[in-house]
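Across the two complexes that follow, chain A remains constant while its partner is chain B and subsequently chain C.
Now for the complex of A and B:
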């Protein structure tokens, strides 16, 4: 009897997320004929592409046993700066890409400095950074979203506009596959290979698995933790730039809702196929789950303000499964 | 005159017996020492008396009246108090001295919820005055010295009308002057008719202040005597016993040049250590728990910062800021806390074994090489595992330790340090570990072996350094060393 119970839980633990996705897809397909069409599936993937970038960043911070709450603000920051480079300053591709990337690397370095050097607990340090970065991006944009021909403070209109190549990143298609979806697949593949097959990836996992044992095994743990926070911010920053390209404006505070989605995706990803650790592929599946749920709810005409309830429930369930498994392992 | 008696106390932890029918008694107005080597069962016995553990069999009584002690509250209600070694765990640092002294009353106060500050302060002052002490009762405990904190705990115990007080290694953190003051307080308590159980590793002070001595070994009481009727040698021989039959194979190795030379290393608990390790030599560093062995090992490994001193390896002076520096230079450590510091319980045997030597090409892990190396190491260190992909957390303690050792074997290091490597390890694994260490020496490596098991060190080491209170106090050759001698120096003998 006990054995059966255990194996049932194990099955749910390993395949539960995938099964839920399948069930949700099946349900929505039956209730809405439009749901299971190529166009809609494309929509879903396109809608989760940015969250996936951010969630992979969060996954890196989780792998080294940390946490990064500031990713949402970093998304907002790069969305606004990328837009401003084109709209306010009429810059070409070089600065439009480099400035936001440098800024997000900077955010990552400050996070790492606070957590690794000053030794502030990760949740608190990145909470402070969440507010600082958010404030910086608001101050920079003076609270206004950035779009072509927007009125400037001196009464003139903004000189520049979003450029074609930039918009293509967020809106274009390549063999009728959306570009952001291709970029997402690329990122998932590269980070998966990096974490699974390279020495650095292995050392990141060892660092998170037991910090003290890793240090006493001669691993330069502080360097790896720094690397994780920098990559976390970098991927969030890239996500923010994609967001600007997709909606064609530099929306203020656009990243604030990303944090929750990204964290939920990363934690859902823990258990996918029974890995039991933060992992990129699982995170991607987690992002898909959330994307499918949101898309389906939109079709059912659920009010948008109810979405947070569903997302919160998904996160709570994922956490419940993860920590229940941790407790079970301890007992064994 | 009241008397506290423990009779036939039996206690086992998941089948492993810790106490096997122990009798112990203490009378009012008596200082009764409880002695024994590490693991003899002293703390377990005292934890049963204070209600932290429940006894499996046996009884506790005061003046023949049976006590039911199921919780620390029960013990306190019967007038049994304990002054713990770790004073900080029993005090609340941001409250005042007075609040800490009267803590139990404040917590248990019934009726009014109001706190009458003037009364609390004057009550606390009265208690402190009795001991001839003048700490401001409004001072925050955070700002108090260690001996003041201890006094606060003693004061708290007496407020409770303690009939019996346990002192667990009270002098370990104290200076000589502070010790003298503590002994005066104990004398006062004794005069007031309090029965005192005194636990300490320092034999000289036992003979100075105790009336009777009870010695435990392997979970049993082996001897109880009046202090006046015995001497240190007799006490030591009772603590060690003569029945040590374990055989440790010792391989004789020709020694070469000095590898590691350490001079005046200080930091944290370590107050000065000089030592030399030669090629092929096994140097044992022994001392009682808390003597600073682990701390010394961590200093030599760069795991903790050192304040002063030189570490020279093969004639080259080292600056160790992190363990990575030490590993790169060729010094490795198998740490004491295996699960916390030595292994990754959630990772496979293979990944644990490769953590220090993982080979890669263009940044990519060479998985087939890793597997080959893992299987080779598993054979060499004798890890009993079905497969190298099994999680290390699922292995037995001994096999986990072999993994913790195995990860260093392919590093080509010259100094191998072991901190209590046989702790919580079964006999079979123990002899495997001794064999591994012997092989290292035979391959011209230098070995530093830190342990509080004297017999073990006598069996394995070429030379023995005895530590006491953060210093290396004595160097003994293999031929001249005996357990008695080690115990003598380790417990502060001159």
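Now for the complex of A and C:
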């Protein structure tokens, strides 16, 4: 009997999250004939693409035993700067892409400096950066969202507009697959391969698993922790640019809600296929679960406040299973 | 790892509280060449405080600019605090203005009920309060300057009924729950469309006056309901987000917004949005400031000052 209980738990631990997604999809498909259609699945994947970018960034910081709270404000920063390059300064593709990327890398480097060199605990350092970056982008945009034909301080209207190539990144389709979805699949595939099959990826995991042991075995842990924070900020920055391309404006407060969804996706990902640690594929599955829930509940005309309750319950269950398994392993 | 995860999760929960309780009030002096150091009483100069719900919305930017223009014309100092749609931040911003001893306080509430404590604090400090665009549900307010949101919602509903020929399925995108604007616009809209044979409001979903949420919510609604003829959004930002979702699906759906922001008016002129209810935010800001100056001088003012509405459609 005990053995049966154990094997059932092992099954839940390994396949629980995927089973929940399957059940949720089944339920919504039965209650709404339009749910399980190509168009709707495409919409779900498009809607989670930006959160996935940010969540993968969070995953990198979790892998090295850190935690990056500044990703939300980094999203807002790059959303606003990408928009301003086109709308305020009428810049072409080069500066529109390079300036936000450089800024996000800078945020990552400052985070790494505070955590790795100054040795401020990561949560506190990145919390400080959250406020700094928020303040910087608010000061830069004067608190205004950036959109075509917006009134400028001098009474004129903004000279530029969102360019077609940029909007295509967030709104376009390629062989009837949304461009953000293609970019997300590419990112998930590349980062998964990088973390699973390369020496650097394994070093990142070793750094997070046991910092002292990794250092003693000759791994340049500070370099890998720096890399993790830089990549975390970079992916958040790319997510911000994708967000600007998707909605066609630079929304100043857009990133604030991203942090919580990204963290939820990353933590739900711990329990996917029983990995029990931060992993890119799990994070992607976590983001899908969150997207499916929101989409299905909106289709049923339930207000999205109810969705927060469901999301919290799912997160709590996923973590409960993960931690229970960790305790069992320790006892064994 | 286990210890770290516990700490990480706890911190994430705490973060929401930290962000919500930030006391920074973004106090800025919006009259060029004047110092924020002046209070309402030190040099006999009138100082007006304006607590605005968010400057992340073109409507409120226009409202603020209207107030600034009127302040310049009247030769008074205007201090502006931006709450960024955060009730706690707005209350602390109002408290900052009270400490500055402004002559009159103009408040555009993020939440009509939650702002009551701030209004009462101003009452206790003997600072007259004027509410702008959104009402407060308590405290003593000398004047409320706004468009008639209920009439605006009804105007939008009537326009949709006329365009649909009295039958069809409509989606309503609601604003932030708790704001008088969302409640009144929704009320007016439902007064027009409810109990009309052949007319169904197939979905009413909150999208928090936000373009990105308007887009996401509308995408999901469009997937679940293939037969939609019209959308009424409680503001233009949501309407523009919804329009994007509609265009992406190649559908022909009537979209009506509220506020007549520059972006929305251009969309109407381009034949994309069907209409938007023009609230004239700059006029609201201007009227509010002029009323505040009268109050500061001890003159009597009307307790309710409506600002005219009009429906903007393609010429």
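Observations, loosely collected:
Everything below uses one rule, namely that the second predicted complex is superposed on the first by the 331 of 332 C-alpha atoms of A that agree within 3 Å, B and C clash if a C-alpha of one lies under 4 Å from a C-alpha of the other, contacts with A are read in each partner's own complex, and residues count from 1 in each chain.
We take it that a residue touches a chain if its C-beta (ideal position, glycine included) is under 8 Å from a C-beta of that chain, and two chains touch if they have at least 3 such contacts.
All values derive from a computational prediction rather than experimental measurement.
After superposition onto chain A, partners chain B and chain C are found to sit side by side with no clash. In the superposition on chain A, A:209 makes contact with both chain B and chain C. With both structures placed on the common chain, the touch criterion links A:217 to chain B but leaves chain C unconnected. Residue contacts after overlaying the shared chain place A:243 against chain C, while chain B stays out of touching range. Which of chain B and chain C touches more residues of chain A: that partner is C.
When both complexes are overlaid on chain A, the residue A:198 reaches chain B alone and has no touch with chain C. Looking at the shared chain after the overlay, A:319 reaches chain C, while chain B stays out of its contact range. Here chain B and chain C sit at a least CA-CA distance of 10 Å once the structures share a frame through chain A. Shared contact residues on chain A (touching chain B in one structure, chain C in the other): 209, 277. Considering their complex, residues 197-200, 202-203, 205-206, 209-210, 212-220, 276-277, 329, 332 of chain A touch chain B.
Looking at the complex, you find that chain A touches chain C at residues 32, 34-35, 37, 39-40, 43, 46-47, 62, 65, 67, 69, 123, 127, 130, 138, 142-145, 147-151, 157, 171, 208-209, 243, 246-249, 251-254, 256, 259-260, 263, 267, 277, 294-295, 298-301, 303-305, 319, 323, 326. Touching chain A in their complex are the following residues of chain C: 1-2, 4-5, 7-9, 11-12, 15-16, 18-19, 26, 54-58, 61-62, 65, 82, 84-85, 177, 202-206, 210-212, 215-217, 219-221, 223-226, 241, 244, 248-249, 262-263, 266.
Chain B contributes residues 301, 303, 322-324, 326-328, 332-333, 335, 340-347, 351, 355-356, 358, 360, 363-365, 367, 393-394, 407 to its touches with chain A in the complex.
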